[in-house]
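One structure is given below, encoded as C-alpha cells.
Labels A, B, C, D and E are assigned to the chains in the order they are written; within every chain, residues are numbered from 1.
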Amino acid sequence: MQTVLSIAVDALAYGMVLFVISIGLSVTMGLMRVVNLAHGAFAMIGGYIASYAARDLGVGYGVAVLIAVFGTILIAIPIERLLYRRIYGAPELTQVLMTIGITFCIIGIANFVFGPTLKTIPLPPELQGSINLGFRAVATHRLFAILCGLVVAGALWYLIEKTAFGVKLRASVDNAAMAAALGVRTQIVYAVSFAIAIGLAAFGGVVGAELLPVEPYYALRYMVTFLVVVSIGGAGSIPGALLACLLLGGIDTTGRYLMPEFGEFFFYLAVIAIVCVFPRGLAGRAK
Amino acid sequence: MTSILEVCNLKKAFGGLAVTNNVSLSLNPGDRVALIGPNGAGKTTFVNLVTGNLRPDSGMVRLGGETITGLNPMRRVRKGLVRSFQVTRLFQDMTPAEHVALAILQRDGRSTQMLGHFSHMPDVTAETGELLSKLGLHDFASSKVSRIAYGQQRLLEIAIALALRPKVLLLDEPAAGVPQSDTGRIEQALAELPADLAVLMIEHDMDLVFRFARRVIVLAAGEIIFDGSPAEVTKDARVREAYLGSYAYVSSVA
Amino acid sequence: DTIKVGVIGPFSGPFALQGKNFKAGIDAYMAMHGDTVGDDKVEIIYRDVPAPDPAQSKALAQELIIKEGVQYLTGFYFTPDAMAVTPLLTQGNVPMVIMNAATSAIVTKSPFVVRTSFTLWQTSTPIAQVARDKGVDKVMSVVSDYGPGVDAENAFKAAFTAAGGTVVEAIRMPLSTNDFSPIMQRIRDSGAQAVFAFLPSGPTTLGFVKAYNQNGLKEAGIQFFAPGDLTQESDLPALGDTALGILTTFHYSVAHDSPENKAFVEAASRAIGNPAELSFPAVGAFDGMHVIYKMIEATDGEQDAQKAVDAVKGLAWESPRGPVEIDPESRHITENIYLREVAKSDDGTYYNKEIQTFEKQGDPGLAAAN
Amino acid sequence: MAALMNENAIAGKPARVRLAGSDLLGVAIVIAAAIAGYFLFPNNLALLTRIISIALLVLSLDLVTGYCGVATLGHAALYGAGAYAAGMAAVHFGITDPLAMMAVGILAGTAAGLLSGVIVLRAHGLPQLVLSIAIVHLFHEAANKASSWTGGSDGLASIAPDPLLGLFEFDLWSRTAYVFGVVLLLVVLIVLRLVVRSPFGMLCRGIKEDPIRIRAMGASVHGTIMRMYAISGAVAGVGGALNAISTQVVGLDSLSFTLSAEALVMLVLGGTGSLYGALIGTVSFLWFEDIVSAANPFHWLTIVGALLILVVLFAPRGLYGTASAFLERRQEARR
Amino acid sequence: MSAASLEVENLSAGYGPMRILENVSFSVPAGSRLAVLGRNGMGKTTLLATLAGQTRRYHGAIRIGATDIANLQSAPRAHCGLGYVPQTRDIFPTLTVEENLFVGLKGRPRSALREAYDMFPRLFERRRNLGSQLSGGEQQMLSTARTILGKPSVLLLDEPLEGLAPVICEELMAAFSELAKTGGVTIVLVEQRIQSALDFADAVLILERGRVAWSGTSGELGENHQTVEELLGVGGLH
C-alpha cells in the first residue's frame, strides 16, 4: 500500500512537471497548428534567463520567473515576426524543418554565450527541502510545480474555451482567410497566442528546471518527451494534455519502480497501446 | 424484377438526434431515383450509411441479394456500390486524366501494378479520354485539379464515379456548383448511363430532379414521407410545406 | 615538416563540454611544451562526432588519414567511435591515442592503440574496498544502461563480492531517465546500506544526486559511492551542497595537489576560458599529447606506427594526476586511483578532495574479460 | 480520328517523351555525379559512401512520407534493422559474402518495414508520428539490451566482409565500397522510378492527398501503404547493409531517433515526393555538414540551423521541389 | 453601418502569377443589387474574393462609399463594412455553430446571435454541434448568417443558395431583398440559376474569361435572349 501511494505521489509530481513544461507546445501545435520543435529551445532560454537573473543579478525567485517569462517573450517576438509568420499554415514538414533550424541556432548560441555546463536556478528557502507526507518525503518544489500546473491548466482552459479571444484564435487556425474576411485581425491573434505559448514554455522551463536541468542541449534532449506528451493528449486540448501527463507520468514512474531495466520498453509499449486505442489522442479535437 | 439495392430499417442517431429513423427502401436495376428533402433531413447521412462510411445503429443493407452491412466502404465499392461526394474530394496535385485513369485501373484491379505508366496503356487512355470528353473536361485533362474551377471539379467527381462502372450509383448533389450551362452535360452523362444501372441522386435543383427522376423519395427528419412519381410529389401537401415551397406552383404553371 | 594530428571527439551537441576539455588539454600541453618537436611542427586538426556514431567516426578518420595525411589519430570520447577506427590503423600506418573511451577491450582491437585515460573497471574497483572499510555489507548498484554503466556495475560487483560484501540488487536504468524518485524508493525498499551508482555526467547526474537528497536517502543514512564521473568538476557548481560528502574513486581531481597539476590547471583554464568547465577529459588529452610528442620524438617525424607505439611502451612520467606509466603489455595507462570526497572550499566553490590513494592501478577489466 | 486525338492529348505524346527523357537524364546525372565524385574526391570516398548509405535511407523515407503521406520520425528502425542483420550475419553466422550480407539486410529491412507499417498505420497525424518514435525507441532499446548479439552501446564490431565477388577487397580508401554503393543506388533509383510512376505509385500519391477518396474508388489504403512500407524497408535495408559492410561496425546510432529525424530533415530539405529531392537533400545536407563541421567543429550546428531556416524562407518546397516548380513555371510562361 | 455604394475600377487580379481578372470596372449604388453571371471558371468567385481581399490584386481601385479599400487587408475591409459569403462556405470546422456565429459578430453583443437564429431556426437547434458535423445546407445557412451578423453595408454573396431546399431559397432571397430595401445594404450576388438572379437583381454583369462581357439592367438581359445564349450558354429562360 505504501508503495502504491509512494508511486502515485511520484507519478503525480512528475506528470505535473511534464505538464507545465509541455503545455505551451500543445497551444502552438494544437491551436496554431505549428509543429514547434523549438519549444524546448524557448523553455531553455527561459531557464537561462532565470538562472542569470537569480545568480548574477541576485533577484528573488519570483522576480526571476517574471524576468524569464517576459525576457523570453521579448526574444521571441522578432523571431515570430521574421520566421514563424512565414510558416503559419505551411505543410507540417516545412514547419519541422524551420523549427529544427531555429533549435540548432539557439543551441549553438546558448553554447557560445553560456557555455556547455549545467545551470541551476537557486530556489527560495520556502521551496527548498522536502515535506514529509508521513509515509515518505517529497521535495517541496515538486508540490509547487503541481500547484503551478493546476493553475496554468485552469487559466489556459478558460482562455481558450470561454473567451472571445479563444474563439477568434481557434477560428483563425481553422481558416485564417475566412476569419480575416469576418474581421478577425489574424496576425495579432497569432502573435498574441505565440507570445502566450512562449511565455508558458519559459515558465515551464524555469519551474521544471529541478527535474530537467538547463544546459544547451536541453532544446533537443527533451523534444521527444514533449512531442509524445502533447500528441498523446490530443494537441490543443488542455484536459487531454493534463490527462496524458498524469497517465504517462504514472506509467513511467511505475515502470521505473517495478523494472527499471525495462523502463523504456514499458513506456513506449504503453504509448503504442494508448495511441492504438485513442488514435486521435486522449482528447483530440475533431477535425 | 429483383431489387439490386435493399435497405431495411436503417437507424442512426448522433447523440440524441435520430438522423436516420427506420428507413427502408429498395432500388431496382435501371432505377432513376431522386432523394430530396429539407436541409439536415439526413440524406447525406443515409448515403454514408449505405456506402459504409458510417456505421448504422441497426438495420441492414443488401446489394444484389448479398448482405453488405458489415463491409467497409472499400469492399462495397468493389461490389459495385459507388458514390460521389457532396463537397468535392479530389487530389489537388493530380490532373483529371490521372484521376479517371486511376479509377479505371482500380476497377480493373490493375492499380497496384508496379510497372508501366497509364499513358502507355491504350485501353486506359482511350476510356479516360472518352469519359472526360463526355463531361466536357477534355480541355483540362492535364491541368492540375487545383487550377480548375469548382464547377469543373464537380464534373470530374462524376467522371470518377462513372469510371468505376458501378451497379448502383449514389450521387450527392452532383450539380451543386455546376452552372446552369453545364448541368446539361451532367444530365447527358446520366442519360447515357447503362440502362441496368440503378441511380440514386440527392439534389436540390428541382429542374434537374424533375428532368432526371422517374421516382422521387422525400426524406424529412430522418423518415421517408413520400415515395412515388415526380408528378405526384408536387401535389403532396406535406412535401410542399416541408420542402418545395412555391416551386411546385411555379413549375406547374411554367 | 608539419606533423598532423587528427582529433576526433564531440565538439558540439550534448557532449560538447567533453570535447571542449579535449581541446583545453591539448592546447595546454602545446602552450607548455611548444608546438614543435625537434624540427617538426605539430598541427592539430579537429573533427566533430557529436554523439556516438561509428560510421561517421570511421569516415572522418579515413578522411583524416588519406586526405589530410595525419600521422596520429587521437581523441575518441566514445567507445564505438574508437572501435570503428581500429581496423584502419594497420593499413593507414597510424597509431591511435585514446584520450577517453573507457571500455577495456579497445586496446585489444589493434596493436596500435594506446590509451591515456582510464577504464571503468579501473576506477570502480577500488571503491568496493572503500565501501567495505566503511562497514557496508549490503549495497545496491544502480547504473545507466549502456556500455560504461555495465562495466562499472560488473567491476564493482566483482570487487565488492570478492571483499566479502553482497550486492543485494543491481539495476540498470535507461539513459533517458529524468525522474529518479522511483529509483530512490527502490533503493530504500531494497534494504541496502549504501548505493553504488554510475551515470554519465551532465543533467542525469544532477537529477540523480538531487533525488538522493530530496527523497531522504541521505538522512536515512544510506551511503553513496561512485566512480568520479558522478562528481565531475564541471557539474559540481550545479550540484552544490547536495553533493557534499559523496565518496568517489577516480584517476584525477582538478584539486590534485602537485606542482605538475598546478601548472596544468593554470594552462588548461586559460585554454578553456571558464575554469569551472575544466574536468577529467582534459587530463586524458594532456597526457595523450605527451605520448604523441614522445612518439614523434622516437620516430623523428617519420610515419611509422610500429616504432611509435613501441617507443611509448613502458613510458613513465609525472602526469598532473600523479605518476603514470604506459603498460607495455596492454598499452593502457597504469595510474593512481584516488578516493575523494566532495568538499566546499573557503571561497564557496566545491572540489573533489583526495583522501586516500590506491597506487599503480592497472586495468582489471581485461583480465576479467579473459 | 477524334478518339485518337483525345488519346494523344491525355497521354500527352510530348509529355510522355519528356517524362521518359527526364528519367534518363536524371539517372545520367547521378552516374555522372558518381564518377565525378570518384575522381574529384578520391580521398573522401568513405564520406561519399556514407552519403550513399544515408541517401538510401532518405529515399526509403521518401517512399512512405513523400508518396504516401505517412508522417514518421522512426524510419531509422528499418535502416538499423538492415545494418544489424547484415552485421550479425557476418559476426555470428559467418555470412561474410557482401552480397549475401546485403540480401540478409534487405530481408531484415523488409521485415522491419512491415512491422513498422502495421503499427504506424494505426493512427494519423501527430499520434502517428508518436507511434513511429515509439517504434524506433523500442528497436533501439532492444538492440541495447541484446548486447551479446549486438554489442550493445559499444557497437557491433569486427564485421569482416569478404572481397566483393571474391575479387575486390574493402580497402582503406573505400574504393570498393564506394563503387558497390553507387551501383546499389542506381539499381534502387531505377527500380523506384518505375514504381513511383506506375499505377501503384499514382495510387500512393492519391492516398497521400485523400485516403477517403481512394477508399471510395474501392482501393485499399492500408494494403497499398503496407506494400510501400515493405519496399521502403527493403531500400532502407540496402542502405543499412551497405553501412555495415563499408564501415564494418554497426552502432546504436543507426537505430536512433536522431538518425530518423536527420533523415526527415534531409528529405524535406531536398523536397518530398520526388526521388531526386531525397538525393539532393541528402547530398547537400551531409556535404554542407562535412564542410562546416570541418571548418568549425565547435559551432557548426548554428550554421546548419541557419541553412535550414534559409531553405524554408527561400525554397519552401525544398531545394529540388522549388527548383523544379520554378522551371515548370518558366516552361508554362513560355508556352 | 450606413448605406454605402461599391465602386470598382480597372481591377485586375489572379492567383500568384496567374492573371484571372482583367480590368473589371462597375459600380453598385447604395442599397441596390447586382448579379454577376458567367459560365464555369469565368472568374466570378475570383472577383468576389478579390473584393474581399483574398487574392492577389495587381491594380485597380475598390471603393466603399468614399473610402478606397484596395490597399487594405481582409480584416480591415471587413471593418469598413464589407461582408463576404464564399462559395466554399468556409465554416470553421472545429468551432461550434454558436462560436462560428460569434466570430461573425465583429464585436456586437452576444445577444445579437438571436438575429441569426431567427433567420435560420435550424441553426438554433444545432447550435452546440461542431461546424464539421453540419449538413451541406446547414453549413450554407451558417456561412450566410455569420456574415450578415456583422451588419455589412456591402454584401458579397457567392452562390448562397447552393444546396438549400427550395423553400429556404425563397425565404432567403426574400430576406436579401429586405436587407437591400430597408437596410440599404448593397448586394453583389453570384448565382448559377439565371432566373432567380434576374428576379432578384437590379443590374447584371456577365464575366467572360475575366473580363466584363456585358452589363446592364436585369430587365434588358431578360429581353436579350441572344446574349444569354451566347455568354451563358443557356437557352429559353422562363
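The rule is short, and it goes like this: contacts are C-beta pairs under 8 Å (C-beta built on N, C-alpha and C of every residue); 3 or more make two chains touch, one makes a residue touch a chain.
According to UniProt, the chain labels map to these proteins: A = ABC transporter permease; B, E = ABC transporter ATP-binding protein; D = Branched-chain amino acid ABC transporter permease.
Everything quoted here is computed from the prediction, not taken from an experiment.
A.B. asks: How short can a path of touching chains from chain C to chain E be, counted in steps?
C.D. replies: Contact-graph shortest path, chain C to chain E, evaluates to 2.
A.B. asks: Hey, how far apart are chain A and chain E in touch steps, shortest way?
C.D. replies: Graph distance in the chain contact network comes out at 1.
A.B. asks: Counting C-beta pairs in contact, does B-E beat B-D or the other way around?
C.D. replies: B-D
A.B. asks: So, comparing C-alpha centroids, which chain is the farthest one from chain B?
C.D. replies: C
A.B. asks: So the centre of each chain is just the mean of its C-alpha atoms; given that, what is the distance between chain C and chain D in Å?
C.D. replies: Centre-to-centre distance between chain C and chain D: 37 Å.
A.B. asks: Centroid of chain A to centroid of chain B, CA atoms only: how many Å?
C.D. replies: For chain A versus chain B, the centre distance works out to 48 Å.
A.B. asks: Averaging only over C-alpha atoms, locate the centres of chain A and chain D and give their separation in whole Å.
C.D. replies: For chain A versus chain D, the centre distance works out to 33 Å.
A.B. asks: List, in ascending order, every residue of chain A touching at least 2 other chains.
C.D. replies: Those would be 108, 111, 261, 264.
A.B. asks: I need the residues of chain C touching at least two other chains; which ones are they?
C.D. replies: 12-13, 16, 20, 145, 174
A.B. asks: Quick check on chain B: which residues sit in contact with 2+ other chains?
C.D. replies: Residues of chain B touching two or more partner chains: there are none.
A.B. asks: Provide the full list of chain pairs in touch.
C.D. replies: A-C, A-D, A-E, B-D, B-E, C-D
A.B. asks: Can you name the residues of chain D that touch chain C in the complex?
C.D. replies: Touch residues, chain D against chain C: 43-47, 49-50, 53, 141, 144-145, 147, 152-155, 157-158, 171-174, 243, 247-254, 258, 293-294, 297-301.
A.B. asks: Which of the residues in chain D come into contact with chain A in the complex?
C.D. replies: Touch list, chain D to chain A: 65, 71, 119, 122-131, 133-135, 137-138, 141-142, 145, 257, 261, 264-265, 267-269, 272, 299, 301-309, 311-313, 316-317.
A.B. asks: Would you pull the chain C residues touching chain A in the complex into a rising list?
C.D. replies: Those residues of chain C that touch chain A are 12-14, 16-17, 20, 145, 171-174, 176-179, 181-183, 185-186, 189, 202-203, 206-207, 210, 214-216, 219, 234-235, 237-238, 240, 273-274, 276-277.
A.B. asks: Could you pull out which chain C residues touch chain D in their complex?
C.D. replies: Against chain D, the touching part of chain C is residues 11-13, 16, 19-20, 46-48, 50-56, 58-60, 62-63, 65-67, 79-80, 83-84, 86-88, 91-92, 103, 105, 109, 145-147, 150, 174.
A.B. asks: Looking at the complex, which residues from chain D come into contact with chain B?
C.D. replies: Answer in residue numbers: 3, 6-7, 9-12, 15-16, 19, 194-195, 197-203, 205-206, 209-210, 212-213, 215-221, 223-224, 227.
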